[in-house]
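Each chain carries a letter (A, B, C, D and E) given by its place in the written order, and its residues are counted from 1.
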Amino acid sequence: MAVQEELKKIILGLLPQVDCVIGWGPGPDLLCASPYFMRRPEEVDNFLAGPMATQNTALYLPEYKGKKVALVVKGCDSRSVAQLLAEKLIAREEVRIIGFPCAGVADMGKIAARLAPHGEPGEAEKAVYGEKELRITMAGRELVLPLAEIKADKCLRCAHPNAVFSDHFAGEKAAGNDDEFKDLAALETMSLEDRFSFWEKEMSRCVRCYACRNACPLCVCRDHCVASSRDPHWLTQADGVSDKLLFQVTHALHLAGRCTGCGECQRACPAGIPVLLLKRALSRAVEGLFGHSAGLDPETRPPLLTFQVEERTIKEKAW
Amino acid sequence: MKIGVFICHCGSNIAATVDVKKVAETAGRMAEVVYATDAMYACSEPGQQAIEEAVKKYALSGVVVASCSPRMHEATFRRTVERAGLNRYMFEMANIREHVSWIGRDQGPNTVKAIELVRMAVEKLRLNRALIPRKLPATRRALVIGGGVAGIQASLDCAEAGLEVVLVEREPSIGGKMSKLDKTFPTVDCSSCILGPRMVDVAQHERITLYAYSEIESVSGYVGNFEVVIRKKAAYVDWDKCTGCGLCIEKCPSKKNFDRFNEGLGSAAAINIPFPQAIPKKAVIRAEDCRQFQGKKCGICAKFCPTGAINHEQQDELVTIQVGAIVAATGYDLADWTVYGEYGAGRYADVITSLQYERMLSASGPFGGHIKRPSNGEEPKSVVFIQCVASRDPSIGRPYCSGFCCMYTAKQAIMTRDHIPDSQSYVFYMDIRSPGKGYDEFTRRAQEEYGAQYVRGRVSQVYPRGNKLVVRGADTLLGSQVEVEADLVVLAVGGEGSREAAGLAEKLRISYDSFGFFLEGHPKLKPVETNTAGVFLAGSCQGLKDIPFSVSQGSAAAAKTLALLSRDMLESDPQTAQVDIKRCIGCGKCIQVCPFQAIREADLRGQSKAEVLEAVCQGCGLCNATCPQGAIQLSHFTDNQVLAEVEALLCP
Amino acid sequence: MPDTARRPVFEPSAPNPYLPQVATVLEVIQETHNIKSFRLRLDDEQAWAKFSFEPGQLGQLSLFGVGESTFVINSSPTRKDYLQFSVMRAGEVTSALHGLLPGDKIGLRAPLGNSFPYKELKGKNLVFIGGGIGMAPMRTLLLYMLDNRTDYGDITLLYGARSPQDFSYAEDREDWLKRKDMRTVLTIDSPAEGWEHRVGLIPNVLTELKPSPENTVAVTCGPPIMIRFTLQALEKLGFVPEQIITTLEKRMKCGIGICGRCNIGEKYVCVDGPVFTYAQLKSMVNEL
Amino acid sequence: MSVSSTVSGAAAPELRIVGFLCNWCSYGGADTAGVGRFIQPTDLRIIRLPCSGRTNPLFIAKALLQGADGVLVSGCHPRDCHYAEGNFYARRRLEVFKQLLPVLGVDPRRFEYTWVSASEGQRWQMVVSKFTEQIHSLGPARRLPGAPELEWLRESAG
Amino acid sequence: MDMQGKFIPRAQLDDWLAELAARFRVWTPRRAGQEDSGAVVYLPEARQPELNRKPTESAKRVIFPRSEPLLRFLRKPDPDQTGQKSLELQVPDADGPNLVFGLPPCDARGFLVLDPVYAGVKGQAGDSYYLRRRSQTVLIARACSRALTTCFCHWVGGSPSSTEGLDVLATEIQEGFLLQPLTPQGEEVLDSKLLLSAGKEQMEAAQSAWQAAEKTLGPGADMQGAQEALRALFDNAAFWQAEAASCLSCGVCTHLCPTCYCFNITDEAVGEKGVRLRSWDACMFSLYTQEASGHNPRQDKAARLKNRIGHKFSYYPELYQTRNACVGCGRCIKSCPSRLDIRAVLTKALALSRPAAGKPETTAPATVRPAAKPKVNKPATSKPVAAKPGAAKRGKEASHA
């Protein structure tokens, strides 16, 4: 893990200049890391980068407004930073961005699915990520899962594995893939009727913990979300699917033209509800209509906060 | 809350297809409704009386009237409930006439629909809050932008009524298009004879401050309290010293410049006074024409100026003024007629515009009032007028009728015969539009008394033959091709909004259409108002007009301005956006989208928050729909109020 | 067999603690621009006859469709024509309460929480220090004491508000100022036209008044910033924490110590409070 | 509720169609249609807003997910907005929202947005008639089940 | 009373559940969602329970639903008085008896934490909604065959085969399940022709399954003094800020937790009808304690994390003079998007209160692996009862020491 070591060097160099460096450190088990806030050189030893470094470090940036922080970012994380900058929610001079070539992160759901015949991921006695595979020891037996099989979907279609902008970069830039919105295409093989049922069923598991919202680096409302407000009173607190789905639609619409597709909403969902799909649908619409992908340019205004007098791409209904 | 509901029969207008009694009976069981009844004519005197009495008798705190469109009678009933002691916003209307009884024939569905519309109104009313208009002090001064005839009229009317007026004109002289005209239809009186004295009045009026050769730099503030920055363009002549003697013009060595006032017919010196009656009569140096500015040694004007007014170092000057109201009277520009390749597209010297023709006819014009062919200076004997150039022509994106061309063409045909008695005029026209007082008679005189030959049809081509021009077109009445040999072709070019209108509209935060015309508040009922409070329109900037109409509008805009500023304090419409400071996180999205710059960032104990300038807010609610957490809410149309209406429909 | 499940017992006949009693608004008094007092009584005559409470206890007012909110009953148990609550417009429920009209139906869950130690205070001198809406909880105790005047020693009231328009209880105030058996001092933050009483912040005026801590208990309620400086002033005057009583406000929902939001450490304001001595507060975790 | 629809003459039960109209143009257009006695299907219920820019797409989402069979938004023609720009923003937001619908399993034809001016009474009649017909051809929409604890609220309230 | 265990072959399980479904609303942990994501959730479906994976959520919602109506209200015009409305309050009908099959023992112990809260504290009336449902719910747990890395029931007196709070313990042995009744209600539900009598071998097989499961538990911890340690740390803002740094302020931990019981009360109304709902709330949400004035006693996430942990290991045991309000199910760790580890916070808090053990840096990363020092756990639960499943755990805990 040469990149990880190089990153550590960069972090060490930056520590004196910033309040803290946000990256990843050991989690409660070896499969998935935790966000890690480094302030002292000895803390940098435990820094991790790799398939276990799932969390989006950009999430924490607005909390540190007024302080200088450095951030280790995957490509997707850097897009969140760019979008936050585009919306002037953070100040450029307050963040130092450390990029590296991201080879993709592991999807805990996929790991669980692959391990299912043997047990669940939490039963792993040992887990070691290699260059191309994850080696898990369970009940004394070693299982090898190729990384390609357990990589998060967002990584398989990631066009920007390197930070879209950075102040420091460790390692050689990696090549990206094309995003063809295959996830949506898969959903769209279903009939409209089935899609409706799909959401009805998926959302029924929602426990309204709002991890999806709170894990979203671009959710600006934070403590003032309409999910629980009474004025405006969009949602009831009842345990019904309609409120739950309406919340997801709300989150998605609030992110239309802003979502960078980091997928944290979906990863955070304890019930495994594919909530990213709705945001993806809007991203595809915005890309198609306005040629805009969020989080690539810290200077661009989100397309729904502007307009053109003549909208060439909008085909209005001819009555 | 205690709600009273009144269902109007509107005679049989509603009652014929809606079971009014049943609607009232059902309404009586709706949330917080304690009194529901029907009324023959709710808007009538007894109808309103009944509402007032019920409010008092049942201690109602809100009223719903189900009758016609709120666009019709909302204001009426608001006054009614106000008389009864309620706040006027504790009132809602259900439109069961235009939206129910008049568009559906069956009583069954109509009644159900009426009941639901009433329920929606009740549910919304439950969330209404008393709104109190804010009182704002007003600056008793008006700004008039544009010194054409409409602007002059507006300025004089306001000033006469005692208001201070600031008149801003972008050209060196006021007078506008009218000052370029020779005569005016249908009376054929001399344009400068009637306009001139008005211009002088402007110059001499103690309450009018004129900024000529100036433009609007920026506008901020709101009704009653606008702050306007005016850019006084550098004339390179100290106007305080300039006496308008004209010596500099005479001595200026750079004389072959485009003469703007004369539409390029003659030529002008680099230092110039546009026309003898100019107000103010002050010289202006055009830097692009001036040798001194071209880096050549000159400065002759400075040498000769008897008062030492020339100042090549002069800079633009910014002046900030406070005004309470603004009248935009920026007029029009001729549409681009050079798009017509078939008319020579500006290549033939003897194809001119009607406005150039006016300058030709004018005794103070470049030709001294003699009609001459620009190509050779000969007197034309055959003059062809082509109407509807850049008017009524969707193919070039000008679908509208410019309105005044038929009349001025008739006038020009008459003047042609007047000037050259042996001349023959031909007018190619599509339709003759002459609906003003004495107008149609005038066009007939042109034909009958002055022998102008009117040919109904479009001209397909103008091309030179020898030193003449051949005008080929169709005579649609005869159904044949016609060809006329002309010495001079005059194009009756239509108008469009001033080219600078769009930029000004954005500064004034008013709407404009794709032709550059400003949008009035209501096509019928608010013809001189705009949707920005305190900004009024006069003259052709709103749509093309002839002189009498422009003058009327100037007076109308003045009347509106005077009515507005007759009070020391103004009331602002309280249906504005409100920020819930506790919920605002200062993301600034509302600020980005507000079309009126009515929201600004404010600091609240170190936190950034949105702040609405209530007097600027026009109540569109765009911010409300933009704010993700709904921290900014449009009063009277809050999310909860709209949701209550939706809910009322989905949970019947 | 031992029942290891040890299920808690369910008594079908036990009262439902969430079910409010229906009450009717008798009178609405506009106290200040943002404070209204409501007088109400229970609809059920039997329940009303049985209803009793102690000074300082809370009630949950329910506006059905909007929600519940907690207020101190600020009438005195000695005057039982009605229960009075004073409501400052702040959030959703309080705004909606401000829309109430006489005759409207409302829900009431009361009494909740503890009360002022009015029995233990017998024979003591009392100093009441109230700021703004903070006068409401003390009004009940003051009225109670005035109705049992002989049980208590000297009574001093220091009541402050931002401006003359921000005082509530106009009628009471007149009475308190007139009475010979208590001392009433009113103060406003900054001078105002026609104001005949004191001008100055409550803690400063208190320091000037210099009440003796001897056999005296201070009862104070008001905005947090006022409380903070009042406590300091009282301590400087020689009051020990045991001699200072205050009532706390927290966001409450259930009112019966279950829902979990009004806790300060292991104490629940809705059950263990709202009345605490300063000594008690000092022993609790510092999370006001 | 089953009330027969009038225009088609067929006894199709009325469907739930919600309209969000701007006050200045489309609401006026609907009034104009009324004044002109341009007969229309009765299914539509109009909510008056100051501007199409006030239309939060979530109003539409809520309506469509919780019981509306169709939603129509109508504002001033582009460039004619009473507030200069409101409908320009609305157009973008509504178009993007429309493209989300099929992913939710809602037929996008259940939602349309259009522009009708205050003078276009006949256009309004045409829009309402065609949209109503479109919704009838799609039939009643599926509604997401509400929370069981709130079902009582939706049972035949007053 | 026949205390003998029963046995059900795996193939018959669904039949038995179906039989039970005639008398109870039967809840089982079920796989839901897509293969690559999805979750195991409790559903009122009496078939094919997922018993090999730990349910994603706890079983608390069976007794303490995510949302329930407390009362309904209805206004009508007052026939006696024009201009007035009468108000009618109704308490919704209670639902019938529930039975949960297949919950892990920690979930059952969770109810024991909720019980004293809902039974009414300090003379307050009990919560009739909870109590009614609780008294009518039968809990059949399945002993865990393996612990997860996030499990720490043994820190707080539990074990993979704890019987606390159960009516029946089911232990998966070859071909089926050993079902042991622990209460009269448990006896009753085992009275079925589908069930066979369990033999000694099956009892022994279960016993060894319990022991095997115990061995998979991670290091234990000595929780002695947690109450005081947390209290002592109350004003140490730096400690809590460092621990909460990665917290998202979401409700994953509280909503999946078997012992979190906070709720909100809100009204929903349409026209003249309305419902008062009680629904889950979370002390991790900022708005939870936000007052109308805007003041919030727990404004930052550090204060909220402190309250959550403080409540579980300090306030609750202090107030109810009983166990910790945590059963060590580990869901708050497993499902936390930031993988914040409550064990690490506790370990550090305890270490800080034990000067002898040395002071770890307050800002050290929240990992448990390097930090955990196995210590003997004092059983905090009921006395051992011979021949009862779960008894084995006591021995095991020592062995882990």
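What we mean here is this: a contact is a pair of C-beta atoms (placed from the backbone, for glycine too) under 8 Å apart; a residue touches a chain by one contact, two chains touch by 3 or more.
This structure is a prediction, so every number in the text was calculated from the model and none was measured.
Counting only chains that touch, the fewest steps needed to get from chain D to chain E is 1. When chain centres are defined as mean Cα coordinates, B lies farthest from chain C.
Contact tally for A-B versus B-C: the pair with more C-beta pairs in contact is A-B. Separation between the centroids of chain C and chain D, computed from CA atoms only, is 51 Å.
Centre-to-centre separation between chain C and chain E, using Cα means, comes to 38 Å. Computed from the mean C-alpha positions, the centre of chain B lies at a distance of 70 Å from the centre of chain E.
Within chain C, the positions touching two or more other chains are listed as 67. Counting partner chains per residue, chain E shows two or more touched chains at residues 67, 75, 83-85, 264, 266, 268-272, 274, 277, 290. Taken residue by residue, chain B touches two or more other chains at 2, 29-31, 59, 582, 593, 626, 639, 643, 651, whereas all remaining positions touch fewer.
Residues of chain A that touch chain D in their complex: 184, 187-188, 190, 192-200, 234, 236, 238-243, 245-246, 249-250, 252-253, 256-257, 277-278, 281-282, 284-286, 288-290, 303-304, 307-309, 311, 314, 316-317, 319. Residues 1-2, 59, 61 of chain B are the ones touching chain C in the complex. Remark: chain C residues 99, 101 touch chain B in the complex.
By the touch rule above, chain C contacts chain E in their complex via residues 1-12, 14-20, 22, 62, 64-69, 90-91, 93-94, 103, 105, 107, 224, 249-251, 253-254, 256-261, 263-266, 268, 271-272, 285-288. Listing the residues of chain E that touch chain D in their complex gives 67-69, 72, 92, 268-275, 277.
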